[in-house]
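I'd like to ask you about the structure that follows.
Note that the chains are named A, B, C, D, E and F in the order they appear, and that numbering of residues resets to 1 at the start of each chain.
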């Protein structure tokens, strides 16, 4: 992905990004459910690489399934490109794990930017101290085979009730995860970066005791002048 | 599919089929949610042909999407082979329709054996009098585009929390829908057909006032002899 | 149970009973979830006989479990006294059946007054034409063993989020099921029977075009006089 | 309301109306949850008159509350104008009734067009044979006081997750209920009426065995000519 | 509000307050769902000032809505009196934010005592370090317009399934939020303050290894004497 | 319980235990819902002692109920043997507390190994700093009497949708709680302990940058040799 876009997205909150997308008509881009496991993990930005689960079947989903080198979960973990985000469609079901500490460590070691599931991860006490962003709906000790069957990789999926197409740009912060349609990433990043400057100014004013009237939204021209001066002063 | 198997499955209840499958280790084969819309519709038996939805996206899922002859929902409706069952993965979300009266009529006209979604169908007042089996979770007037994006056909899916692989044998009665893994269909049909004979005998005895002790399950040899006589008499 | 009370309860709606119980401080006596399967079935009145399920365990809950004559589900079906209502605590989970056509037919044949579960029954197409009241939350083909373990009979249970103590009086109509604490049954029946007379009068007046003001509740003395005359005329 | 609009809306399905509204950018106009209690009831069309419930409080919501002639539920029932639809915000909670047989009979007697709640009604066996449309999520015997406090009438509310402003046009058929923003009612009715003609033609063709390709949507000019002829013939 | 009452409530846990209210017949006063975002925030006590959301409508709820100085969310933020608690009815839906960092900072700056929603707030990473109590059900990046329409302020609402009337006293600690009916606040505070003394004594005894028998509840007169001595010693 | 087994289980994660149980055919042994309140609490291992709640009834569940020394909740707290785990069936309902700070402190003081409910505990700010493991689904201030009736102790129950028989071995870590059937505890502990050694080796290799291919699962003999050497070196 565009590195300037990546840098900008690292500095824009998911809250701001949802507003920028809403202006373009997108109402459903914030993943419902997934939360950041380690609050101290770095921000997450990267194109989506997807894994899809369907419900497990008792004769197919035994531990022997992992002996197959083409098992989509294991294959996906080795093939997800560095810089991408590993996004898992677990049908919103956290009763069995989408992945665990070993596979997530492998993804981190391979340079992947983070991992997201709308189900649960296992080994969460380890993930909670891992310097790498993982997002899930709930801790889930059981192996995926108990309820999930990894069926394919890099198809369009739903995750947290949001459509995720391979290559869409996933952004995660301490609030959660946003999916930006690929073709809009540069424009959304640019506008979000700009909007963040304004919001920082507004936040500073409000913290200093000013009313939101005329300031948020900025309908009063005086505030626009103050903003211009503030930006100049800070070189933003 | 094997026509003898089809005939047998038309005479076995979904309740009996789940027990036969449970004996083989399958606990999760009854679709949770879908109900028969027209109680007078014929029984449904046929191999699964699948359609998969992911969440809709505002820029892709406009009414213009249907102008594309390759739109998977419309394409699927024309390509689902006669005798098959049209099975839709709607992520269990009935807030927009998986299909409506016109498309379902087309499927019926094409000789498809029935349609199932874990979401909802629209035009349900019409479906309620259509001589053809449709199963869904709830009536749903809005067009699928509002929440669903048809993404591909005939991949393995989940429907009603059950794994459905293309070609699996779907059986529907007034209780709901069972999915039988393809390679087990003949054996399950044969055993289910046989078990139905026994259950009919047991039901008749119980209705006549006999205790279930020794009869259900049939641990008393006297009952086994009575059953043998009963079968002879009826030629079953 | 008191036969006069039974007769009265056969003539009082569950809606009226919940109001009579509310006057005595009971807010939680209508079972949430269970619905009547056969709308043409007779009214249901009788003391509760309970069966309790806990979640199934794979090594205990095999089909062989039914070979044990002490299996609580089968034992309960043979021991529930005639005139009682068979009430099942299925933890509100209809994903596997609480019982099916054969066992419910046995209960009917034994003179039991009806059956209620907060899960699901199987063989519902048969139950839908059986001249006997069964109440459940959803049709459920799979055998109970798949998710439920019958653990004991006639202990206090929860059913539909309502406490049910053995001997409490269960009343079912086309709306659902109410549980009346045993020691209140006679008083509640008497008051409910009386209140039904008043409501029939009010309903007749309202259907004839009268306002509810002063009539429902009956704060206008004129209405009380009209009611007195109406009762005299009809001998109620 | 405009009587021509009312007549047209009586002939257009809720499914068609949601599509017409979707074309104008409205995705959320079909009430999620409410179902028609009596399938033989007439169609429902009329402006919304609203009642709002908040959770009950033990000291305020006693049976004495109904003695107050200004109690919003009772007042609303007497004040809802003839021709309007009585729409109740019950916060989607059917654990206690939004209203019962007597009040709903009064609304019918007063010429109100129908009643809708996203909770439950009581006395449903009576409602199931009443020649008047009532829509709810589940049968609910307990009086509203147990969980609901009627707080005000004719304010904007949510019902079935849809915004309902007083005066919006509610339309109900056997599938459910749609809310049309007041200022769009005439245009939506006209377009829906027109679209129904086309859909009737398409449905007839499909039932006769024609493919949906080029027909639905009608991209093939031959079909447009056939439609023109069909309309002429039938005077539609 | 009464400042003595405020001081006492700052020292009583929500657990104790629910018990005091239960003694008076109130079962439903603890908000279900809302959790404290910043565990280090000060305790929250103050009268309720309410904001009500209904579902959003696409033509009304655009970003332009905020240009209206009378927009209820923005107006509420400027009008909620210092010392009050800002309580939002979001219909329990956290899929879009009830408010975000800037508005909540403004409330804090204005001397408001805290903010509560049964939906979600946005900018939660900032809220997590803000020295001010905010309670919500889940982090929610999207702007409220996506699903919520701010419709009015200071009407009675439901929040977390609890009735909240303007002026009711809201109390929040690390466990959650209790709503005390306004007219009971002084009495409940006094009794809760007293009960806290007893519970502190009991907790100390239990931590020291004493049995709860005769101590909790305090049925043994010896414990009452010990309590009297303990209080004297500590001047409580 | 076997002290060697206890020692081993203190060193095995719940994730690993679910896999060992899955190999033996157990899919449902991880409690869904309960989370550790104090992440710094010690690991929890011990046999289950159970308490069962049914829904409360207004006339039975008053504060006076606690005056009865045989009240099952209070009795259970005094009788749960040291070393055991106190497991509560709250029907998955956290709207009222299963227990609070005083009773849980008493259990800790008595040497009980920990406490688990599928509902909620109260006094959670205290529990969050208590050096003792408590697991619940959500903070819950209200006293249990508001929704729960303690009915009996040490019967088989469901907790978090898992069957728990008295004497089953409960193991809790930072991820959640597993229930091991009593007769399997020694074998599962031994195998889990062994599997932990292997997983530690794999995790170390993966963290060092090795691929999971041939390593996880360990199908490559080279890795088995490396493991053997690694174990020798570390004396594991």
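Here is the rule we go by: a contact is a pair of C-beta atoms (placed from the backbone, for glycine too) under 8 Å apart; a residue touches a chain by one contact, two chains touch by 3 or more.
Not measured: the values here are computed from a predicted model.
Averaging Cα atoms per chain gives one point for each, and the point farthest from that of chain E is the centre of B. Centroids of chain A and chain B (each the mean of its C-alpha atoms) stand 37 Å apart.
Rounded to whole angstrom, the centroid-to-centroid distance between chain A and chain E, based on C-alpha atoms, equals 31 Å. Spacing of chain C relative to chain E, judged by their CA centroids, is 39 angstrom. Chain contacts: chain C has residues 27 touching two or more partner chains. Touching pairs of chains, sorted by label, consist of A-B, A-E, A-F, B-C, B-D, C-D, C-F, D-E, E-F. Chain E makes touch with chain D in their complex at residues 25-28, 54-59, 91, 149, 151-152, 155-158, 161-163, 181. Within the complex formed with chain F, the residues of chain E that make contact are 13-15, 17-19, 22-23, 27, 29-30, 32, 35, 39, 173-176, 178, 199, 202-203, 206-209, 211-213, 216-217, 219. The part of chain A that touches chain F in the complex is made up of residues 63, 66-67, 69, 74, 77-78, 95, 97, 100-103, 105-106, 109, 122-125, 128, 139-143, 145-147.
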